[in-house]
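Okay, handing you the structure first.
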Amino acid sequence: MVVVKPCENPEDNPRVKAVFDDIRATRKSDFINNVWHYLAIDEALLERTWSEVKEVMATPSDLDPFTKELIYLAVSIINNCEYCVHSHSAAARAKGMTQAQYAEVLKIVSLAAKTNHLCNAMQIPVDPEFQVTDE
Amino acid sequence: MVVVKPCENPEDNPRVKAVFDDIRATRKSDFINNVWHYLAIDEALLERTWSEVKEVMATPSDLDPFTKELIYLAVSIINNCEYCVHSHSAAARAKGMTQAQYAEVLKIVSLAAKTNHLCNAMQIPVDPEFQVTDE
Amino acid sequence: MVVVKPCENPEDNPRVKAVFDDIRATRKSDFINNVWHYLAIDEALLERTWSEVKEVMATPSDLDPFTKELIYLAVSIINNCEYCVHSHSAAARAKGMTQAQYAEVLKIVSLAAKTNHLCNAMQIPVDPEFQVTDE
Amino acid sequence: MVVVKPCENPEDNPRVKAVFDDIRATRKSDFINNVWHYLAIDEALLERTWSEVKEVMATPSDLDPFTKELIYLAVSIINNCEYCVHSHSAAARAKGMTQAQYAEVLKIVSLAAKTNHLCNAMQIPVDPEFQVTDE
Amino acid sequence: MVVVKPCENPEDNPRVKAVFDDIRATRKSDFINNVWHYLAIDEALLERTWSEVKEVMATPSDLDPFTKELIYLAVSIINNCEYCVHSHSAAARAKGMTQAQYAEVLKIVSLAAKTNHLCNAMQIPVDPEFQVTDE
Amino acid sequence: MVVVKPCENPEDNPRVKAVFDDIRATRKSDFINNVWHYLAIDEALLERTWSEVKEVMATPSDLDPFTKELIYLAVSIINNCEYCVHSHSAAARAKGMTQAQYAEVLKIVSLAAKTNHLCNAMQIPVDPEFQVTDE
């Protein structure tokens, strides 16, 4: 059950159309998934979100695209976003993620959740060795 | 301010000593960081946690160790575990993470948090295209 | 799929009926939404929850009702409560929230989520200027 | 204990200086709080974050600045960001928030957290009356 | 670094004094811990919170006080409330919690966190056998 | 909509069959609920998760099985795992949880969520009386 109704013909709005065109060009695909249709209720929100996703995720950088996608997926699992778990596991599979690699992501995410809560529960003091210092 | 007191001479306990020895051997370092001292209040918890960390993080697998460490770090940020953010950013730096790469992790984590909440807020329906199907 | 079954004729219980009557009188509407039917499994829980909602949300105070509703909605988004996102976005619309204002709430919530995680990730020290002091 | 070291003379970098100048001009104050010093480890992250904060929070819009600040503060409490709780309660006080109003925010945030978890715990179905429909 | 200043002589206010007196009488102790001093910035918030804590935690009910305290502690760990982890682990120790029992709580909390995230990550459908039905 | 497809005949794999057999023997029931079918996509993950669940939850220890199940349920509510809320409330009912006791769990979980956020919002300093000390 949705909370907002997406626009019916979003591309009648030239600012929305420009973003959708750029999504299609960047991804070399005609498919515009739901999140962009919903964000189109506010052009500024749509433009800014796409611009940030494109800059962070689709621009060559110091981390490879596959690693970046797995980090995105892991965060989506922890934040319990059903839509994002689906869309980013699909994106990771499109970038070559095997089922064995997805199982590894699950192992790390669930192990980290476990140790995160153990440390928070015991309020373990940070070792001075982990301090970032000048040298 | 801690919630439990770590044991004073944990290695007097042979089960604890065996784990600590394995940590030192696996990491080729004499440094045992605080989390292991605190987990030593319960040998079974210590043994199981180390065994899982070793198997998931220190055993060759379908994902490289650096990628795995970044995923662990991202989860720790989202779960807001102060100890884990410090220990796993230190571990990532030890595996070669540059400051530029850490900034990239921050960009992905914070962008994912942003879109996760946008999708949850709008209760966006999952596109059928993301469905996992038989082929 | 529900976890508890709501009572079939909750108003046969006079304590439940008294709360339901007060909800109808306070809201000037006959509609009793699901959450109250489910909370009716325990009269004390029902009475206390309604009493608190009424006192905090429906009593004139130093913040106007519309602002209070938006804060409630924002918290519900972050806690990822599907029921509350629906009920409190409906309540906010009933108090006059436009689609443009909802888009603004989304922008603030998602921006805050982003900067919250950036600050947590870097463990940024609090500026002394933010200290609450005697004057 | 911090995770990254902020730059020592961040304004030697002209892109950082441009952002800092804009922060000072927008806020009519010389004070640059810590978060901007830390974000300066990556100019693109700094520029994008400030640009979004300025657009969402400091640009006239359909919600008044005080309401927007309270929503930001509420989200920061739920995400348990110590830095943000301090900086945004300071910002809200600067915009006129009284102690009585802060107590009200606390009442709404904690009440919402309570009902959010009650609804999640019982997996209460969304009332069809809350459905967004065409008219 | 605190966000609000607690009142200096809170018991000059008779409503605050009445609550503090009841806390002392209920707990048979003169010690009033910090949370009550801080909540005293708003009498209604103080009264309601203490009344609810007393009713839920200090009134004989279908669950024994020790079990209730452990549940409270577990929730506080997951919500990462430093104050509550300290105060409720102290309360649980006062009710007889041994270090071995605390280690068990840690095992359950961290195991649940692990499986919670595994299930969320895979979006596992709920078995119809778990459905609550009429009989 | 699921993210991974469970194996069709998982027990063709002898490692999976061994775990499933042990689940049936431990629980004295033929019913294998969905989570184990999904975890079977990776034998090591399945083996380790079942082994930990069995050791922590099904082995006699310093806390009784009913209390342990309620703690697990409380954590699952806070982590908002729909599957786990269903499976662990079913497990708690199987161990004798009445509807009145479930209502009590709800009261504690929601009260704790409320006070957790109040304490986090005010950044209340931990009382020195809660410090864990020697002797």
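In this document, chain identifiers A, B, C, D, E and F correspond to the written order of the chains, with residue numbering beginning at 1 in each.
In this text, contacts are C-beta pairs under 8 Å (C-beta built on N, C-alpha and C of every residue); 3 or more make two chains touch, one makes a residue touch a chain.
Keep in mind that what you see is a predicted model, and the values were worked out from it rather than measured.
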Subject >> If a chain touches chain C and chain F alike, it appears here >> reply: A, B, D, E
**OP:** Please flag the chain sitting at the greatest distance from chain B, going by CA centroids.
**Re:** C
Original post:
Does C-E or D-F have the larger number of C-beta pairs in contact?
Top reply: D-F
**OP:** Compare the contact pairs of C-F with those of each option in E-F, B-C or A-F, and report the one where over half match by residue number.
**Re:** A-F
**OP:** Since chain A and chain D are copies that touch, just let me know if over half of their interface numbering is common to both, same, or not, different.
**Re:** same
Original post:
Just curious, how far off is chain F from chain B if you go by their C-alpha centres, in Å?
Top reply: 21
Subject >> Intercentroid distance (Cα basis), chain C paired with chain A, Å >> reply: 28
**OP:** Scan chain B for residues touching two or more other chains and write them down.
**Re:** 1-4, 44-45, 52, 78-82, 85-86, 89, 100, 105-107, 109, 111, 113-118, 120-123, 126, 130
Original post:
Along chain E, where are the residues that touch chain D in the complex?
Top reply: 1, 3-4, 41-42, 44-45, 79-81
**OP:** Would you tell me which residues of chain A are touching chain E in their complex?
**Re:** 77-78, 80, 82, 85-86, 105-106, 109-111, 113-118, 120-123
Original post:
Can you list the residues on chain C that touch chain D in the complex?
Top reply: 1-4, 31, 33-35, 38-39, 45, 49, 52-53, 56-57, 61-63, 67-68, 70-72, 74-76, 78-84, 86-87, 89-90, 98, 100-101, 104-105, 107-109, 111-127, 129-130
Subject >> chain C - residues contacting chain E, complex >> reply: 1-5, 44, 48, 52, 55, 126, 130-132, 134
Original post:
Which residues of chain E touch chain B in their complex?
Top reply: 80, 85-86, 89, 99-100, 102-103, 106-107
